[in-house]
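Following are the structures in question.
In the two complexes below, chain A is the common chain; its partner is chain B in one and chain C in the other.
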Partner chain A sequence: MGDTLSYFLMAWSDPWLLGLVATGTFAGIYIGAIPGLSVTMAVSILISFTFAWDINNALALMVGVFCGGVYGGSRTAILLNIPGAPSAVATAFDGYPLAQRGEAGQAIGLSTVMSVIGGMIGIAILAASAPVLSDMALQFAPRDYFLIAALGLLLVGSLAAESLARGIFAAALGGIIGMIGMDPVTAQGRFTFGSVDLLGGVHYVIVMIGLFGVAEALFQLHQLDTTPVRQKVDKIIPSLHLVLRFLPLSLRTSIIGVIIGALPGTGGDIAALFAYDHAKRTTKTPKVPFGEGAYEGLVAPESANNAAVGGAFVPMLTLGMPGDAVTAVIIGAMVVHGLNPGPMLMIETPHIFWFIVGALVLANICLLVFGLMGIKLFARVVELPRAILIPLILVLCVVGSYSINGSMTEVFWMLGFGLLGYFMKIFGFQMGPVILGVILGPLMDKTYRQAMASVGDSSSAFLMDLVTHPLSLILTAVVVLLLLSHTPVKRLWTRR
Partner chain B sequence: MSTSPLKAGERAFNILLLLLSISILVVAYRISGFESVRSPGAFPMFLGCLLVLSMVVIIIGQRHHPRPKTTGHLGETRQFFRTHLPPRFMVFTLMTIGYLLLLTPLGFVPATLLFMFCAIVYLFRGRWVLSALVTVGATAIIYALFTLLFQVYLP
Partner chain C sequence: MLKALLATLTLSAGATLLAGPIQAADYPQRNIEGIIQWGAGGATDNVARSLTPHVEEALNGKIILNNRPGGTGVIGMNTVMHKPANGYTVLYGAENPQLYPVMGLADFDYSDMTPINVIGQGMVVIAVPADSPYNTMDDLLKAAHDKPGELRMGGTGAGGLPSTVLAMINSVDTLDVRNVTFGGDGPGITAMLGDHIDFMPLSLAAAQEQIKAGRLKGLAVLSKERLDVLPEVPTITESLPDIGSYLPWGPFWAVAVRKDTPDDIKATLSKAYQTGVANKDFQSFIKRNGAETLNLTGQEAVDFLNHWQSVTAWAMQSAGTARVSPEKLSIPKP
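So, the complex of A and B:
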């Protein structure tokens, strides 16, 4: 207990770590808020810069950026009707009408408080459930990991993309990219085309910087001339009465946020949409209709998307599976620093787990402080012209990708992935499934081969295992149902 | 099912992705063929099949979607370039490629100054003084931040 507390308080007692969490949160708010910059992009670039750092320093900064970024997106959604991050899309539905009604200050204040409440609930559930889950995860067989990874890819594919087929395509493409290089079992080259350079694989940070940094920067070229409409902001700190009025809704939607965030592959954006839908269905008589500036429509997504941050850490720290694109990137950072995200993390390096929990709580406190002040400066910074922002992002992407191995070839790879991502984005393919594919593809390959080895390479025994073990059976059923829900079978069933 | 009109070039892009998927499947097969159910090529082949199948489903699903409102393939190509590859995109991408090519011979600071200044002036359509100030300021901050704080190697 004493050890746990000291690990938890590590970020609080060390001024340097405290400063990094605070800096990360502050920067994250702006990164999340500035349209064109995303948390995933920032964390991807940060990994390359923090390679040489101590793991605690790197995690402190990333955790701060993650928490700040998820919240930051809501500010531009409220003030400019431009969600700074995907998780703030639902916030704009009622946040912007509130600002148009002259209540921008109240909306920002309330969203800040509700974000912090949601964030804290997420962290509490993470702290309570992760130790239990990681104990359970030690009993999981390779086939279960395979099924969980497949479920994650299917979920992100079906929820994040326009259609399941597009999602599956993107995830499978990511899986192939993740498998470029030497096969870890036989040392045979895969997708290397005889190139010795490719035997080491394409570093996933390169892929992430390309797909999230360069592609987004190029995409922003289309919105170069958009001028946001600035709203008047007055009183920010919300009254206690207002906070208490929406507290029950915030608590309910926070729990929704944690659950959705904890599903491998789903993140704050989906959690926020689910929470918004829940608020709409359960609020019978809102003072103002939804979509026209209902406070309920602001509280629900803001509580849920911040609660999803804690949720997303659950599968990452207990199973080694990313909850969303950002945690996929953070997994990469942990591996780079020699850590082993998964059930063994709690046994081998419990201090890392409790350090993350402590840093998350600290980041939420920083969020409350930074969220309720500096709004005037904020309004100026988020209006930074894209003509400056886009070349700046490009330079950061180049520096980030070069710093990994000091190779210009990898910088060109990054540009190549950026161009691929740009075209995929234009034609409706999302980048989230690609990144999850890059991380989960090799994991699925490994667990599939382990599962096959355990049944003597017998396909029928493998299939039987999927339906004869309770956990595997549940996971198989969920995967199959998810697949069927996208086929005509669902329509026939509903018609009956 | 939504039958929104296809974007200019969407069908061609999907066919290109299908061809890419088939090539990936072939390359995956060549890793170790049907040697064993857990050979190095088994899972890549499965992913290759998924790529091909999902792309076929996408292409078939779009067969009833109306084509973009253009006259013939030439018109669609023109619209594709106008919408997705406008001069601004092409010029900026070429600037970026030029920047990457110049990084090694010129070094980070001169190449970045040149790239940022040209890119900002081009995207701002002028405003030389502001662009020069932003370029110098941003390059100095990036250089100081990454060499002193992050201690990373710059190109």
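So, the complex of A and C:
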């Protein structure tokens, strides 16, 4: 126990490690805020950078960048309607309308506090029950991931504001965009028209930057003469009353975040979308409708995506298997540094586990400090004249999409999606469902084919599996009930 | 630090003054870009990032590493082939390019570039979950013979390592299985830990920690002799002696540049990479990861690549999984 505590506090008591976690968190916030600069990218650059360092120093920096980056994505989502990372897509739904109402400062303040609460819950669950949670995550068969993806696609109902038909169209479009590239099973090109550049598919961050960033910039050209909203920057740190009011929601969505984060096939982006949907379903009477600046719509995804960080470390630290793309790179870093990430990691090197847990807690405290700093300045971004703001957004979009692969192909794609998004906006289509399709389409494709291959491509065996395995049965029941709740069947039932 | 900075400044100033044709004497004048054809955190990425600092030291220059994953590595390789042939872009590749033509993925392979170094070769182990009823390779083969098309094998897609190993086994025996495709070794192992698949041929680097911890059982290593790291796991030739003609076989890592790169630059790079691979720290890194260093350059590297391609392509042909016949591509029989 004493050992555990000393490992846990290692990053706290050593000023050098403390500094590294703080630096990492600070840098992470800004890396995360710029769309296209991803945490995965930053951490993989850090591997080369920290090659000759001690492993603890390298991990301290990486943990900081990870926590900061996941949080940072919400900054640009709230201020500019450009999610800095896919896990902040859901944050933009209500965060941006809040900024447009002059409450950018309050929105960032609330999202910071809720991120930290979510992050802490994630870490607490990681520390308390990592082995149990990872055993549970292993129970998820391909068919269960398929059901989760199906459940995710049903979120269209939540994301498509007024027109469900438009929402379904947008999600289907996203699904098709997600299919571009090499077929994962047969290695055949799909929708590539013979272009080698398309074999790797279209990176979903490109779609996101185009649809949100460029489309928003183009759309704002319509309102060149309107004066931007004055931002209220007095009460930035949310009152205790406000935090307590949203605490139950934050707790629930944090648990969603940890579980989805701990599943090796899903991460913070899907967790945040599920959390948003959960908030929308459980909040019967929001003060402001969802999509127009409801606090609940901000609290839920922000708690969930930061809680997913703790979740992502669960399979990594217990099994040596990555919980998401970032932990995959951190595993790589550990290998390069001479550690053996695997099931024995927690037994042979318990100090690594507790050191990471300690560094995560520290990073979340840094997040609270850095996140609440300089908000007034950031809120003013929304007040910038459009003539400055629009070019700024466009530059950010180009830089972000170029830096994904260091090639112009991505920039052209991003501009194309920007144009598409602009016209979709004009005709009343929502962007959220497209991203949903891009993220979930390939997951559904992959897992459906895995599930079918496992049962020898027999449809009847596949359907039997859905109802004979307890976990699958629960998920199937949820999917079916959710579908029925949107059909006349429910109305008939309730009328009776 | 200041000294290095001054040296760089003087060097670049000198270079601008001379401004003559590219020569090895003043190579590298600027940062070299290393393009890794697989994603961050994978085996190729780990090898590249562990090796490069040692090469930088030998080269007295800086190599910036970028991942360009996608399309089984086609995209990364294609990128390098479209950059200027001046030695400022190098490819960090795996074994996949040698199968592009047979799989019909691309019409190029390593023979369209110049290999600078074949860094090393990984080992392959066929693994099953810890609680699997199969304890030996013979058990597994017998189960597959008794119930053809019912065992679930974890795969990584057409042209991936499991499908190649399956092809080799099928060219000497019959192993009729359901091929369940995962995104890589990691997701496959995760599925196996949860008993969602019955077995999977894996790179030793990815599987050894799980085997040592008793989470997976190793049935056979794809080698003629037992391995030092897993001495209790039998060799595959103990069950299937005929497969010996394909061995030694395994995934490998190589560094290559465009063919038209000036010879003196190729020579400089070869020397630097040879020194880098020979570095003690890197050697022990590779060993720890269940692989062996090869450190082949020049004709030796070319011979290795040709041999690997011919063995693999013809194994796939005789198992019926090659899309384009190796004969048509004039790949000689092994």
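Here, the second predicted complex is superposed on the first by the 270 of 496 C-alpha atoms of A that agree within 3 Å, B and C clash if a C-alpha of one lies under 4 Å from a C-alpha of the other, contacts with A are read in each partner's own complex, and residues count from 1 in each chain.
As a working rule, a contact is a pair of C-beta atoms (placed from the backbone, for glycine too) under 8 Å apart; a residue touches a chain by one contact, two chains touch by 3 or more.
Keep in mind that what you see is a predicted model, and the values were worked out from it rather than measured.
Within the superposed three-chain model, A:D445 lies in touch with chain B and out of touch with chain C [touch as defined at top]. In the superposed model, A:L319 lies in contact with chain C only, and not with chain B.
In the superposition on chain A, A:I168 contacts chain B only, with no contact to chain C. Once the two complexes are laid over each other on the shared chain, residue contacts for A:G201 go to chain C alone; chain B is not touched. Touch criterion met: A:G338 reaches chain C, while chain B stays clear of it.
With both structures placed on the common chain, the touch criterion links A:V395 to chain B but leaves chain C unconnected.
Once both structures are placed on chain A, chain A residues 48, 51-52, 185-186, 406, 449, 453 are touched by chain B and, in the other complex, by chain C. Considering their complex, residues 7, 10, 13-14, 17, 21, 24, 27-28, 31-32, 36-38, 40-44, 47-48, 50-51, 54-55, 57-58, 61, 84, 86, 88-89, 92-93, 96-97, 99-100, 103-104, 108, 112, 115-116, 119-120, 123-124, 134, 138-139, 142, 146, 150-155 of chain B touch chain A. Interface of chain A with chain C (complex): residues 40-41, 43-44, 47-48, 51-52, 138-142, 181-182, 184-187, 189, 196-197, 199-201, 264-265, 315, 319-322, 325, 328-332, 335-336, 338, 340-344, 405-407, 446, 449-450, 453-456. Interface of chain C with chain A (complex): residues 39-42, 45-46, 49-50, 52-53, 65-72, 74-75, 78-79, 103, 105-106, 149-150, 152, 157-159, 178-183, 186-187, 189-191, 193-194, 196-197, 208-210, 212-213, 215, 285, 288-289. Looking at the complex, you find that chain A touches chain B at residues 48-52, 163, 165-166, 168-169, 172-173, 175-176, 179, 183, 185-186, 188, 190-191, 193, 218, 221-222, 224, 385-388, 390-392, 394-396, 398-399, 402-403, 406, 408, 411-412, 415, 419, 423, 426-427, 441, 444-445, 448-449, 452-453, 457, 459.
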